[in-house]
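What follows is a group of structures, each given as structure tokens.
Here chain A shows up in two complexes: once beside chain B, once beside chain C.
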Partner chain A sequence: MSDSNNTLKKKLHAIKVRMAGKKMAPAFNAFHTFLFTPNDTTHSGAHVRGADDLKRTMNTVILALIPVLLFSFFNTGYQHFAAIDAANGMPRTLDLFGNFLTWENFWLGFVQVIPLVIVSYAVGLGVEFLFAVIKGHEVEEGYLVTGMLVPLIVPVDTPLWMLAVAVVFGVVIGKEVFGGTGMNILNPALTIRAFLFFAYPTWMSGDKVWVHGAVERAGTPDAISGETILGSLAQNADYSYSTFDMFFGFIPGSVGETSAFLILLGGLFLAFSKIASWRIMLSAVIGSLVMGLIFNGVVDMGWVSESSRFYGLMSFDFWKHLIVGGLAFGIVYMATDPVTGSQTHRGKWIYGFLIGFISVMIRVFNPAYPEGVFLAILLMNVFAPTIDHYVVRANVRKRLKRLKNATILPKAGEGKMEELQAETV
Partner chain B sequence: MALLSKKDANLILDPLADNNPITIQVLGICSALAITAELKASVVMALSVIFVLGLGNVVISLMRNIIPSKIRIIVQLIVIATLVIIVDQVLKAFAYELSKTLAVFVGLIITNCIIMGRFEAFALGNGPWRSFLDGIGNALGYGVILIIVGFFRELLGSGTLFGYPVLGDPIAKTGLYATGYENNGFMIIPPAALIVVGVIIWVQRSRNRALIEEN
Partner chain C sequence: MPTDIRIKKGLNINLVGAAEPSTSKAVSSNAYALNLLDFHGLKPKLMVKEGGEVQAGEPLFFNKDFPDMYFVSPVSGELVEVERGARRRILSLRILADKEQRVLKHKPLDAEKADADAIRAFLLKSGCWPFIRQRPYDVVADPTFVPKAIFVSAYVTAPLAADINYTLKGKEKEMQAALTALGKLTPGKVHVSVGKGEESPFAALTGIELHKVSGPHPAGLVGTQINRIDPINKGERVWTVSPQDLVIIGEALLTGVFNPERTVALAGSCVKQPQYYTTKIGAEISTFLYASGVKEERCRVINGDVLTGSKTSPEGFLGFYNNTVSVIPEGDDYELFGWAKPVTKKVSTTRSLTFSWLTPKKKYNLDTNTNGEHRAFVVTGQYEEVFPLDIYPMQLLKACMYKDIDEMEQLGLYEVSPEDFSLTEFICISKQPHQQIIREGLDLLQKEIG
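== the complex of A and B ==
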């Protein structure tokens, strides 16, 4: 690097030394380490350091989210103009370069989505800094990913002040009260979404919020539809999107959840870079397919009449559940959160499977929540430690059994076996 | 000048803060979650518990030497039940709508752990006057939390206090609602009370670190 960088680095380090122990030190250090690797050396313990520290991990996830974010700019604009055309009786046919990847779409989406990103980061990092200064610990990187996830899982027209309130709630109640990054039980981004959902349901569900402009035009002659595919199905209504649209994401929905294709790419990237667990992703996909198959089977057996309010969603092709709504996004970016998910390999299979299974179940059986993914993941977040506990217990029991059958036994009477058995009970 | 001796005054003051039945002893949570969506219901519940606990403590204290200890729980229940029925009938006669809001929870004062707890822990071993003060103090400590929770839940959840619209009209979009503010539906549902109580506990223990338990 150039000399000027080096001197800046030295100057910053000098400030750091001077500020050590002062009240605002954590705030300074956060910015410092954002720019440079600190000059610290390890003084005790293991001296081998992995290159993938918390910041690298977080940045990898953000990298995997960038395509989704860029796509959301175009899709927000496209859905808006397509809905206006449809309301005027001229339904659009998708033309990737003709009417999708246009400046008009990009700009409209950019103006709508970027404020959500800014509010999410500004408020969330503000709360983190405040807690770091008050409690005198370093600012943790935990919010870097949460701050990017939040704008991608809310409807595009969410009022900014609501988002700010929800972020404060999510970061304080969802994370800081448990001790900050790495100590939280629930995924903070989903806590924020859950808060928004229960606090302001009219902005988080229904047939208007999913396309920009549909709320403010409601009740006027310019009214446009903002219905999602799941919303239509929940009312046993038909939808007008092809499987191609669903897979590549040219459908209405939360800002970043629509493109299953880009989410799949992001998921593969995270799986190969070993940042996210492929076990969780795969088992969640299997879980949702199994539940979808069960529902399809029930419909095929003729046990559900067409007039049933569950018919629309139950007869929906089982694999299509993966490409509509937030299921794909939730599986790849939310369920794989290393803090709130299961830690053991077998636990990850169970945890992931149940997320997929329960997501589809909530979708079908509770039309009030056509999007059950966030509830399913939060529920499994709560159960993840229990799953791990029993996985570990089962492993201990298995090894004890092996020990019992081994040829060389601990001498009888010394009480070793009894001791070991007592520990596992 | 003192109406009460320092020791007696502490019987009332301690449960209000450092020995609060809800935030420190974590008793009586069920009703605190269930009926605090409205401030009015919180106040009535607080008054009912003050009446039942204050009077109940006196009655138990007067009988403390003649109650056989083997059947004391049953005797205590009869005393509570009698007082609760009085409260219930008065509410039904003079505030019918409100008694419908409180519904089963007035009856469930019988099972409010605070009442049983004070009978057992205090009234059985102290004279009527001190028992009366203790009962009033604990019921007040319970009521204070109920009213704080009810205040925030009704204000943020419905935009009203005691049913009066203090933030404006959400339908006609007047007052604060003209700026785009909306009621927070989360505060209406019972889990919100759990979080508000949690925040109160947090604030209280941050102000007085001696209250933080070792673990």
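== the complex of A and C ==
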């Protein structure tokens, strides 16, 4: 094993040396560094370096997404078959091992979700490679996470060509025009989601997109429904899911957003591994709870009548906002994007709080599209530099205040100095 | 008021091969060299021609900006080589030592009785001045300014660095003379920081403000202590001196002789018997390196500690400011799936399948591999964990990169030196060259503001 490793290592090194400076070098290096951490040594500054690099960081986020992805396979299948049963007048009751964790569910979900993952990665990385080769820089790792996030935040039946167009738009306009990974202002995954949402609204909202097969069966005798909880609430209708279902994720929704439980685990893992900011996550949760409480309070005071179009969502228990829709997913995996979020500790508290707060606000006040989290995050992405600016100003002001008491002393005498007397011993 | 300084943010990097507390005398070196890159930004003017003879303590060159500032030869002998680089810039001077050493002796100066001008003149002409460094800019101190305070850090937290409580034991008399003299050069205080609970040779000295510091690296860096004790404002100057250089200053004052002898730690995982050696500034590193033995073939020899030192070779020479020589393995090898594997043999501040957080006391054998490629800044909040100064590190680095003088000033560039960013550089996920960025920022600031 180690022998073949060594031969491979030497061969790849030889190619790397030959490719150096050539146009396709970034493309080769991307594959090479994927296989082997490079043999670069330190040239300036510290001679030893810490273990983490950007690949490891991105990989950690992907690890935190794997459980969500696996769950989405089962849930996609389960929701599909449950909807068919319901349409046939035989509503299912959940039985975790009996009718959820089945091969049938898994396979259906697998076949539906994996093409989304493949298209997302192939198109996105294709664009990244293209830009790297044209601009002569290395392929940076940012898209590794984006590429995994994108399939998880779209409805399962999103046509693949649509996804491909959106990915090209998101990567080019959302990221590359700003200079690539680390330079973008908006979260690329959410830019892709926003593009889909505004370009193809009928595929991104309504009651026909959240369950596999609902679109193609619409209007036929086999029609099934796939209304989300938020969709039902927006119409002041009842929903038929228990809190248990909502928390563990046995509900319709975007591919990966449904299981608040697994998202919570992912969030804890990311916070523990110090890859994502716990400050953003915690403050976003607080922000959404506060907004939810305000709405509940308004209902309790009797300021809105039951006939109001906002009543359904306003009276929704404040804490349940966290376990339906994409709020939890957005908070854990998207709001914590370090590039587009606030960069200072204090800024992160403000940034996260406002994301939670505004997400729930948009949810309630925009019942036509009852999903606010991606708009709230994009909005706060735009404001993050402003928040940071004011946080940093506080530090600058402290320094300027100190400057008033600066001790600036007169210069020492500059007179010609006498030579010292010296003797040789 | 003397205060206890407790630093919480930081990271101790424990490495294999710390020097054992035993000292040998290094064999005397045939050749000595002064590396002029040790004096950042200096414009030297030679006073001895190539082939000329010098005595120990006789000036080799002076600073063109301050012609009274002499840089003296550590030994007597012949100036055999003036190594020049691009645009004939002098890189180093090499002196072939005489068998019989001739030493230049000045009239000793009683620091208690002398006035500031006399002390300044003595230090400048005797070759001791370059030991005094200033902030802002982290360069040899400008003698025309009066500093608001002088700082000495006698608390060592850098990985594998020489333990000065050990090397400076018994040098109290010299250090006291040097500190008394320095105290006359500032109307402010001379702040000396020692490790809390450590037995420091500075404990009994007078005329100083003694601070007791505790906490992980970079608590021992003088920049961290300045930031806590009396931060630098725009227009202010403070001076810093390393403790081992106080001994040379003090001895010059007491005896009139510039004695470049110092005890140096030879450390690192490549050294068979890491220990201390007594040698002189500019001595060939091979004169003591091979006495301890080197384990591996592909090693990097570093003048200084592994975070801030400069790369040299066994044929290189001990730097002007260094009391540590570190020898660690070169890491120019590939690692299969190094970015995905769980890591137990490297240091990390994250817990992303890296496990150094489980074993804070474990000693590591780190090599010079970068463990990844250079990238744009992506991750945030990581530097702040190891950066105890009241400064936003990433924002300051970025200001230096886009060369915004106003922002560099406002964010506190006056207060820092490149070494303050050595730990953020160590943990940087994007492998950005922090110390170089800060140095370039300081150069620009000095050029524009002065």
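The rule is simple: the second predicted complex is superposed on the first by the 396 of 425 C-alpha atoms of A that agree within 3 Å, B and C clash if a C-alpha of one lies under 4 Å from a C-alpha of the other, contacts with A are read in each partner's own complex, and residues count from 1 in each chain.
In the analysis below, a residue touches a chain if its C-beta (ideal position, glycine included) is under 8 Å from a C-beta of that chain, and two chains touch if they have at least 3 such contacts.
Model, not experiment: these values are computed from the prediction.
Once the two complexes are overlaid on the shared chain, A:159 sits against chain B while remaining clear of chain C.
Residue contacts after overlaying the shared chain place A:173 against chain B, while chain C stays out of touching range.
Once the two complexes are laid over each other on the shared chain, residue contacts for A:54 go to chain C alone; chain B is not touched. Once the two complexes are laid over each other on the shared chain, residue contacts for A:201 go to chain B alone; chain C is not touched. Looking at the complex, you find that chain A touches chain B at residues 159, 161-162, 165, 173, 177, 195, 198-203.
Against chain A, the residues of chain B that register as touching in their complex are 180-182, 184-187, 189, 195, 198, 202. Residue ranges of chain A in contact with chain C, taken from their complex: 5, 9, 12-13, 33, 35-57, 59-60, 63, 138, 140-142, 179-183, 272-275, 277, 279, 338-339, 341-345, 348, 388, 392, 395-396, 398-400, 402-403, 405-415, 417-425.
Per the touch definition, chain C reaches chain A in the complex via residues 13, 15, 55, 57, 68, 102-107, 116-117, 120-122, 124-126, 143-148, 159, 187-188, 231, 233-237, 256-257, 300, 302, 306-309, 311, 326, 328, 330-340, 343, 346-354, 356, 366-373, 375-382, 384, 390-392, 394-395, 410-412, 418, 421-423, 425-431, 433-436.
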